[in-house]
Amino acid sequence: MRKMGYLSDKFSRTFTPFGILRNLFRKPMTLQFPYETLPPLEGYRGRHALDLEKCAGCFICSMICPNKAIWPVEFKGRKYPQVHLGKCCWCQLCEEYCPNKAIKLTPHSMMVTMDKESAILGLGEEGFVPRHQ
Amino acid sequence: MINTVLQLCTKRESIPQLSVEERIDNFQEVEFGYAEEEMRKEASRCLQCEDPPCIEACPAHLDIKKYVFEAREGRYRDGLETILERLPFPATVGRVCPHPCEEACVRHTHFDPIANRAIKRFLADQFMDADWYPKIETKLEGKVAVVGSGPAGLAAAYYLAKMGYGVTIFEALPQVGGMLRMGIPSYRLPRKILDGEIDRVKNLGVEMKTNTRVESSDTLFKDGYQAILVATGAHQGIKLGIEGEDHPKVMECIDFLRDIALGKTVKLGDRVVVIGGGNAAIDSARTALRLGSKEVTILYRRTRAEMPADAEEVEEAIKEGVKIEFLAAPKKVFSKNGAVALENIRMKLGAPDASGRPRPQPIEGSEFKVDVDSVIAAIGQAPKAPEQFNIEIGRFGNIIVAEGDTFATSKEGIFAAGDAVSGPRTVIEAVAAGLKAADSIDRYCKTKR
Amino acid sequence: MSIFYLIVFPGFIFFFFFSLLCEYIDRKVTARLQSRVGPPFYQPWADFIKLMSKESLVPKMADRKRFMAIPIIGVTAVVTAFIYIPLWSAESPFPFTGDIVVVIYLLSLPTVLLFLAGWHSTNVFGTIGATRAITQLFGYEVPFLLALLSPALVAGIWSFSGILNYQVEHTWFIAYLPLAFIVAIISLVGKLERTPFDIPHAAHEIAGGPVAEYSGPSLAMIHLMVNMELFAGSALVAALFLGGFDYIGIIPGFAGAIVGFIVFLIKTLIVLFILICIKSAFARIKIDQLVNMSLKWLAPMAVIQLLIVVGLKFAGIL
Amino acid sequence: MDIEEKEIGFSTVPFGPQHPASGHFHALLKVEGEMVHELEPHPGYLHRGFEKLMEYRVHPQNCALVDRADVLDPFSCELGYTNAIEKIAGLEIPERGRYIRIIMAELGRILSHMTWIGVLSMVLGFDSANKIAWGDREKILRLNEIATGGRLYPCYLCVGGVRRDISQEFVDETSKALDYLEGQLSFYDYFVFKNETFVMRTEKVGRMSAKEAIDLGATGPNLRACGIDYDIRKDEPYEVYPKVSFNVITRDEGDAYARSLCRRYEIAESISIVRQLLNNLPDGAFRVELSPVWAAPEGESYFCLESARGEKCFHVVSDGSPCPYRVKIRAPSFLHTLSEFPYLAKGSTIADIPAIYWSLDSCPADMDR
């Protein structure tokens, strides 16, 4: 009897995998990324945005950053924090411990860049303002 | 340069204090300042922000970043000089200031703010009896009269004298210092320190006439004074407004503290009730403890969060054994053959009133009676309007001053500053007002010439 | 005319484009089976052009000429095999008896060439892949030949035209020889080294096996060879078992040839679809399991099928 | 390769660091034809030195750093580190914080097992199972996004609780995702776990008996597949596990197929755990507010928890400063790759090596830390 069970087991095992054919008649799970994207959630930890007026220049953000991804940079006669997106680990500690909520992580997550410099969030209008917004 | 996270996450250096037993029965100074090495460590915690919020928060806009940096480097004299530019008596302010700068410090929320007041006090104490204090720059022939020698009057006199004016201060009370001497007990501000700072103003050639009430502005103008600065402060205690208030055992906290300051002896008995929640109430309660009364309780209409007094002062008071009854207010005073009984009522917090704090409403039928030996009312002060200058007076007795920083009153040539204008505020705000008044008087005198 | 046959229609140009189309269909349908969207239609051409523009590196130890020659020989072998498969009528452009044997031989040449490629690339993974390719050759070649023997036996002649004419008169061989059809499909999967049996270039164990060292144009050639083999193999099975160009009703003349041609392509795509389903439904098995399976299951089934055919022929039914 | 080895006829095949199946773990296989004579592991390619890095960072920074230690199940690292510190300080976490932690930990376990199904089937050449498994894994990553704001690396725990509260939207989304996954599990049953080629590749492969498993130091599903029902969530319950009812999955064959079934049923268990927790989630505070200046008192603690791969323990020594003095992570994958894998690989064929390696579900990042 084991033989028969074995055979029917083997038989069912070879033909049940064809159940995948049902996927032909279903909508595919994947999205065509750059054109269709999931809606960003408002709590999502994406690219940084710095409010230049509110920033007191205390650099608590650069000290609390686990990867030392933030350091001061000269801009309009004063030092502001600059974020290196390559080093950042998106832990949002800088936003949590910034005394006057100047630096924030926006839900914007399109950070593909062709050149290394633009990976470092420079300060100019273009720098800290997310590009695609 | 980027400080390491270890430097960011260091706790604040604790400020040494007298233990409760040593200070409970005498008027010795409670808090003595930092030792040098501790102070250097505390000053090195400062993050030297690019645009420091503490400077904006300080009413006198002291350059805190600069003097803390100089303190860290060990250049104490330069640090004191940067303070003296905007504050004539750092030692006093270093002891009694409610330090708004520490609330505004970037480290306040998570990382223990820098003890700016203690650093300022250390710098001032280093050079208490030094002689290099700034002298008069150039002698001008103008003469200015200052009525009232509170912090505002003294500061204005100091800066006017420095500019070269001949300044005389007229003080009604026997001693100079106004609220600094009368309102603040000596365990917080030792008299030696205060006198040392007032002598510094004297060394600039400022004449101080005590026990002289000024009758009218015309006599002063006739004596050749070009401008008069009214800085009479706010010594008028607000009445409780309940029945039986005029009982001899019910005292006003300002009069009580003034009598103690002037050395009179006041008999309080064992059980004392202080009504009110500000610094004055806390000071009178702690002074009562030091005078030997056993049981001191403070009645306050709202809860601890809304108390206007300094958080540290409240903690010190509780540590010394003062009991605080929240959400309670006096209703009636009974006098039973000499002893005083006080009927109070429970309160509950309602909608926020004009000052933004929730308005207390009495709960019907929740009265409770307390037998006490004496009651001190400390629910606030108001400025007493000096009518003799017949200048425009506001509703609460404060002097109406023109817009902007001119501090000019309705009559030409008469200026006003300090608590007399703004109502009871902190010492540092009075000093700042005095500084600005001095500048506007200087401008006025220059235009008149 | 034969130049046209050789170069344009059933020859290189058509074969090149249609086999890349087959690869596109293969990748698109597998994607849809895995509920993915799949690549755009021009993806295979883009890959081909990209690889052609890359530099072709040759390992120092390998013999440059032979290393570069292997892919080209492979492609020519498969293209010549395709010429003999009749697309739109019983006769292919160059019919002769015994052209099935030539096609089968030419279609099994790529596996041998893969072995040579692996051996020449002197890379550890290359040699392991090469040995696996040869063991796999023994595994599926025997059942594949036996499976193709039965239609020839029924039709009594070793040529496409004979078999196709027989199927036109009688029904398709799939009705007569279901077992042979199954064995042919399974060993075709082995021949084309598709997923259940893609042991030689198992990407995850030996990183690409024989083709590990190839890059640039030669790698493009190898991919082209694999695609062409896919199309030629499924065309061969379609011709032999599904009646090639045969359709119900007769449309004379040139139009009939076109309809026949289209019907033939559809049948090839059906065989291709079967291969795709097998590819996306199973995991890769080990080389010893493959040889086990083919000699224990496939070869006996093919032999049983032959015995049945011989029996029926002897009894005169067929 | 020294010379005399050549004479014996072994050739060494690298199961290299850049190998698609090895994931930055390098091993040299001494191979005779297809038979593997001996496997010599060379770890260290993914050693980023977390334990040293953590000595120079305060606790909030470490919570953000430590979930990179184990790439496929980051939540267990954060849970381990925070609990170890709380154990030293004797800190009490509000009830809601505990519940949220275990909900996210179990979701992390499901995520790790889904990733494992994907990788194992990719390694076995089963491309479609890999794509479908990693497609379903996105549902859990989406939950992470909603709750914590990050996909794979949540950086969500902190000493004293969790950094954000979970919203009602998260609760609804989770129940929807869990229902979907439960449906998919039955699909995986007949498509992956009862697939003839999958069974051929995993049955009787990498078999170890219960005694061998104990000697080799196996923990987690690998140990439970040999019949020993040792699960830290049951034996030394931590956080809210006593309040949750679930059963420990054990098989007794001890081969790759048994390990796969163990993990498959653990997903079902985790789904039921998360459902139980979501049903009676208490309200109230979810965090004890601690500033980075807070320093754990002097002392040390050793906290074990059941991560997706096995027993993960944190031995933290604190010297009273805001930074930990020394952190030692006992990673389960260390033993999977360096003691079980060479033992099981002896005598198997080259084609089995990736199957054994990934049936042990050993994550190279977790091994090297």
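Each chain gets a letter, A, B, C and D, in the order it is written, and its residues are counted from 1.
In the analysis below, contacts are C-beta pairs under 8 Å (C-beta built on N, C-alpha and C of every residue); 3 or more make two chains touch, one makes a residue touch a chain.
Owing to the predicted nature of the structure, the values given are computational and were not obtained by experimental measurement.
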Review point. How short can a path of touching chains from subunit B to subunit C be, counted in steps?
Key: 2
Review point. Centre of all protein Cα atoms: which chain's centre is nearest to it?
Key: A
Check your understanding: Taking contacts as defined above, which has more of them, A-D or B-D?
Key -> A-D
Check your understanding: Looking at C-alpha means, what's the farthest chain from subunit B?
Key -> C
Point to revise | subunit A and subunit D: spacing of chain centres that average the CA atoms, whole Å | key: 23
Point to revise | Centre-of-Cα separation between subunit D and subunit B, whole angstrom | key: 62
Check your understanding: Taking each chain's centre as the mean of its CA atoms, how far is subunit A from subunit C in angstrom?
Key -> 45
Point to revise | Whole-Å separation of chain centres (CA-atom averages), subunit A against subunit B | key: 53
Revision key, fill the gap. Multi-partner residues in subunit A (2 or more other chains touched) are 17, 20, 23, 29-30, 64, 97
**Study point:** subunit B: positions in contact with at least two other chains
**Key:** 5, 8, 109-111
Revision key, fill the gap. Subunit D touches at least 2 other chains through residues 57-58, 61, 128, 132, 135, 195-196, 292
Review point. Touch graph across the chains, line, ring, star, complete or other?
Key: other
Review point. Which two-chain combinations qualify as touching?
Key: A-B, A-C, A-D, B-D, C-D
Exercise for review: Using the touch definition up top, name the residues of subunit D that touch subunit C in the complex.
Suggested key: 11-14, 19-21, 31, 33-34, 121-129, 131-132, 135, 195-198, 200-201, 349-354
Check your understanding: Which of the residues in subunit A end up touching subunit C in this complex?
Key -> 17-18, 20-21, 23-24, 26, 28-30, 32
Revision key, fill the gap. So, in the complex, the side of subunit D touching subunit B is made of residues 56-58, 61, 291-293, 321-323
**Study point:** For the subunit A and subunit D complex, residues of the former touching the latter
**Key:** 10, 12-14, 16-17, 19-20, 23, 29-30, 38, 41, 43-45, 64-67, 89-93, 96-97, 105
Revision key, fill the gap. Within the complex, subunit A is touched by subunit B residues 2-5, 7-8, 47, 49-53, 106-111
